[in-house]
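Got a structure for you, written out below as C-alpha cells; questions coming shortly.
Chain IDs A, B, C and D follow the sequence of writing; residue 1 opens each chain.
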C-alpha cells in the first residue's frame, strides 16, 4: 500500500482502506466470476502502440470537440451510484474537479446528492466560464428508464432545467447483473444518506432494480426520449455492430460502448474488444464514447486509435474520491491527462484527431513474426 | 468455504467437507492429469456472449420441447453413479427435485436405489402431473451395454415398464478411464449400500468395469437396442462430426456430446470445443444434448447458441445433493435457471429458440482487433 | 512424494530422493533456461485426441513392425548415459526389462557397462526367443562419431558382433549443450564406475565432449557409416523438414526426431512440434522415431497419429531404474503400454496402423469455434 | 543468489546486492507497468530456432563487418547513463573490456566520465590496434539533440575529435518516459559524481529531461546532423516500418530498432516483435542494429535471423559492471559470445551471414500442427 499515489492503480488499495467494507464490496465487484471485469483491464494489455518518431511534438493538443463543446481532454467520468459512500464531497466534489479541468462527468440516476445540487457545485467553481450559462457542458445526466415513465420524464426535465448538456440513457440494465459479493453481503445505503434524486426514498438496490423497466426497446422508447428533450442522447451499453447500427438509425447522438464495468452479464466482450466492430459499423456517423477498464493514458490512446471519440472511467473516480475527495479526483484525472499527453508525445501524435488505426496492432499479429 | 452458497462453485467446498474422502475422490476425480476435466470448465471462459440491447425482455421463456415434452428449462441432470454416497436422499431426492421443477434427470445404470424406486419418488411429488401417466417425461434411463446382453435387455425393459421416457446409451466407456486418485485410493461401496439395479450385488468398480462390453458397435448394437425398445435413444459420448453423422444414420433420436466429465480419455476435446463441428454435421436433424463443465447460466447459454438443445450437469448435482439433499438439488437447479434467465434478459433473447450462433464469438476472434 | 507410483510423473520425486544430487542434476537438467525441455512435455498438452466410439475395441493390438521385427509395443527406450548412477542394475537391468517385454532399447555410447555385457543380459532373459540368434532385435546401439574415426568404427563393429540390430547415430551433438546446472555443479563419474565401452577410461564429460567430432556432415560421414555396417541406420536429432529430406536422400533407414531431451540447443522446437513438418516431408519413405517429453500413453498416441512409427522415452527410464531397477523399468513401460492400449480402446483404434492424422486436432483449431 | 554467475540472468541478483537501492531502481525500472520491458525478454521465448544438422561446424566465425570495420562478434553494448553508479571502473571499464574483445560500445550522452577519458581508456588496452589511429572502431557516441543546438554540436565535434567512429542519435526521447519507481524514489546523482560531458553540471534527471528538444524532426534535424559530421549516423529508437523507410530516405547509415529498454512508452512492441516489419521495409539498404531484452546467445541468433546486423545489450552491461567492473563486462560479453558460437554450432550456421529467416519460426506457427 502506497501513500503517495503516482498512478490510478495505486488508488485502489488506498480506497479499500478508507471506505467501509460493504461500500468496497459494492464498488469493486463485478458480475459472477468477474471475467469481463478483469478482461476489461487485461485486454488493453494485448494491444500494442506503434510509436512514430522525429515528428515535432513540442506542442501537444489534447482537446476534443463533442456536442459542440471543446473539452480539455478526451477523458471523462462515467456515472456511478452513491458517491458519498466514498467521501463527503460526493458527486459535487467530482463535479467541481471535472468542471475546473473542463472535462465531463455523467451524473448517475442514483446519487446521494440531487442533480440540482451537483449542477450548482459545478457552477461554483472559481472562474468557471459557464457559471450562468444555460448549459453546463461538463455535466451530462444518466437516465435509467424506470417503469413509471412519468418519473423518468421528470428526471429528464429536471436535468434539462438544471443545465445538464447531454442525456446518457443506460440500456444494459433491464435487470441488475448477478454480483455475488453483493448477494453475499447485501448493500444498504447508510441511514444518513438518501437517493437524492427521488422524493420518496427507496433505500435498497432491490427497490432500484424492480424500478427499471425490462420492456424498454428501440421502437418505443428512444423516440419517446427524443420527443421529450432536445439534449444530445447517448445510448450507453452497446457491445455489438448490430446494435450500433440500430442506434444510428434510431437517431441517437452518440454511442456508448460499455459493459457497465463488468457488472451486468459476465462473459460479454471487454469494451475495447467490442470497439473495433462498432467503429467499423458506425463509420463516423456519430461519436463513440467508451468506458470499462481504462486505467492509463495508453488505454485512452488505444481506445481513440480504435475509433472512440471520448473515453470515461468509472471505478477510478470512486477510488480517487475515497482517497482525497475533490482533490483526489483532480489528481486522478491529472494522471490520465498527463499520461495521455506523454503517450501522444512519445507516439508522435500531436492532436487527438491524429490518433488513428495505424498506431495500433494486436499482440497476436506480432506473434506471427 | 461459504455456508450460504450463491452459485454452483460455492457447492464444491461444502460437499468436500460433508462427504467421505473416498467418495470425494471418486466424484471429483478425472482421468490421468485431468486436462480434459479442467478444460471442460475453462473453455467456456474462452467464449464471449454478444449481448443485444433494447429488446423488450419483460417476458423470458426458458421452456424447451424435447421428445414431445415441454420442459421448464433446457437444463437437466447427467447420470452419475451411487448418489447415496452424497446424501441419504440419494437418486430419489434428485428425482423429486427434478420432477417438481419439470426438468430432466438421467438415472445411471449404477445407482444405490432401484430404478423403480426412483420412478416412484418422481411420481410422489405433490401435484406432479404425471403421477399415473404411462411415461414420466422427467426421468430418462442411462444404459451401459454389459457383456451379458440379457442383463442389458432386462434393464431396458424394467426402465420402460417403470415409465422412463428416454434411453441414454453411454458409448464412451468400453473400458473405465484411468483415474489416478481412484487407483491410489480404490473406491469401495460402503457395506450399507448396494448397486440397487442388480440382484447379485457386485461391490467394486472393477466388477462393473469387466461387465461393460468392449465389442459394442454401430452395426450390431444400436439396431439391437432399437429392436427392443420404442423409447427415444440418446447416444451419449459423441465428440466428433464423423460419429455424429454415423449416429444420425443409425437412427438415434438425439446425440449426447460428452466426454464423461473428463473421466474417460484425458486430452480429448472439452464438450463445448467439440460441439461446433457436431452441430455443423448434424444440421438440426436430431437434437443435441451436451454435458461437461457446465457451471453457470452463461455456460448453458453458450451451449445453446452453439447448437445444443438441452444441457446437463453431472458433478454439480452430486455436490448439491451432498450440501442439502433434495433441497440442495433444487437450489442448484435454481441457480442455473435463474442465471440462464438473466443471461437471456441481458443478452436480449426472450425464447430459447432465439439463442443462436450470432450471440457467440471466440475470444481468439476478438484478439485480432 | 508417493511411494506407490501409478504413472510416470510419480517416478520423478522418488528418483530424486534415491540418487545423488549430482546424478539428479545431471539427469534432470536441460540446456540454458530449459524452455525446450519444458516445452517437450507441455506441447503434448496442446494437442487433442478426437475419440471415435462404437467400434469393436475388444481386441487391441499394439504391435508394430520395424526393421523386419515385430515389437510388442511402439514404445522404446532412448539412449542415456551412465545408468549405474541410478541403480546397480544399470544398462543390463534396462536391457532385461526391455527384452522380456519385446520392446526396444538403444544403448548409449557412454555406458557404465560394456555393450557386450548388456547384450549378454538381454539374452539371459528366461525364454528369450533370441537367446542365440545372430541379432537381438530389442537392442540398438547409439553412436557418437568421435574424432578418432578408428575408435568409432571399432564401436560399430563391436555392436554388430555383439548382436545389436540397429545403429542410432546422434547428430545433434557436434558440441555439448550448455546445461547451467552441470556447469555450476560439474559432474564426475563416481570412482567405482567406468565408461565401460572405452578401454582407457575418460573420467569426465569434458573429455567426452572434446572427443565428439564437430566436422561430421552428410556427405562424408553417413556414406562412411553405410560402408562399414549393414545394420539399419537411424539418424537421431532431426528437427526440420529440410534435414529429413537430406536424410532420406542419404539413404538412412529411419529418422529420429529428437532435441536430445532439451539438452542441446535451448529454444529449438519440441519434438512433437517438429514432427508434422518432418512427416509431411518424409511421406512414409522411411519410418520416423520420436523422443522428447513423452510421459503418457496419450503422448505416444499423438506422436503416432502425427506420423511417428516408434516412440521412445529417455528420463522416464532413468527415473524408473532409480525407483526399482529392472523391475522399475518394467513397471514404467507397463504404464505406457497400458495407457496406450487404453487410449486406443477409448479412441477406437484397434491397431497401431489405424492411428492417423484424423485422430488429432490442435488446441488452437478448437479455440476458433 | 549465486556467486559464480554462468549466464546473464545470474548477474541481476548480484548487481542488486552490490549497488545502492536508488541506483538499482533507476537501472532496473521501466515505464509504467513495465509491460514492454518484460515483453522485450519474453517475446524472444516465443520464437523457435530450427537447427540444421550434419553440417561441418568445426569452424565457427562470429565476425561481422559494419561501417567498414570487422568486429569479433555481432554483439555490442547500448548507451546507458552514469555507469559509475555501478562500479568505479565506470564507462572506461566498459570501454576497455569492449575494445579488448573488439566489440562495440555506444557511449551515452549522460556519462560519469568525459567522452575524451573514455576514448583514452579504450586506446590504453594492451596491444590495441587502434592505439593512435584517427578512429576507434569500438566506440560509438550517443547523442540526445538538446534544445541548445550549439551544445549538441559541441558534443558531436568532441566525439569526432576524440576518435568515436559512429554517431547514435536517440529519437525515442522527446520527453522522458514515466517510470513509476523513479517518480516514487527520485534519483539524484551522488555528489561525488558529475555529468562529465557537460561543463556546468546539471545534477538531476529533470534537468536532463527539460534539456531534450521535443521539436526534433526528420526534415530539419537529420540533415543538420549530416551537415556537421561525416561519421556514420544511426537513428536509435525506430519501431515501425514507416519510420524505417523515412530513415533510409533521410540518408542515415543504420537503423536502431529499440524501445529504450521499455523505459519510454509502455505498451509499444518489444524490439524483436518490431524487427520483422522493419527488416521487410529496409530490404538490406542499411544495416539494422537491435537492442532490448537480449540476454542469451540464442536471442542474438534470433535477431540476426530476423534481419539485424548487430545486437546490443543495455542492462546486462550495467549488472556486469556492478558485479566485477571491467572484468565483469568481459565475462558478460564472454557468455553471449560463447552462447552465440554454440547456437551457431548446434544450428549449423558457420558464419553470421548464414543466419537467415529459415532458421526461425514463430511458436504460433508450430501450435497449428
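FYI, a residue touches a chain if its C-beta (ideal position, glycine included) is under 8 Å from a C-beta of that chain, and two chains touch if they have at least 3 such contacts.
From a predicted model like this one, the values you see are computed outputs, not experimental measurements.
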Quiz prompt | chain C on chain D, rotation in degrees - Cα superposition, rounded to nearest 5 | solution = 90
Quiz item: Is the contact between chain A and chain B built from the same residue numbers on each copy (over half shared) or from different ones (under half shared)?
Solution: different
Exercise. Averaged over CA atoms, how far is the centre of chain B from the centre of chain C? Could you give it in whole Å?
Key: 43
Quiz prompt | CA centroid of chain B to CA centroid of chain D, Å | solution = 60
Quiz item: Where in chain B do residues touch two or more other chains at once?
Solution: 47, 361, 364
Self-check item: Pairs of chains in contact (touch as defined earlier), listed by label
Solution: A-B, A-D, B-C, C-D
Practice problem: Mind listing the chain C positions that touch chain D in their complex? | Solution: 32-33, 35, 43, 46-47, 171-172, 174-175, 177-178, 180, 183-184, 213-218, 221-222, 235, 237-240, 242-243, 246, 264-270, 273-274, 276, 306, 360-365
Quiz prompt | Complex interface listing, chain A residues touching chain D | solution = 2, 4, 6-7, 9, 45, 47-58, 296, 298, 302, 338-339, 342-343, 345-347, 358, 361, 364, 366-369
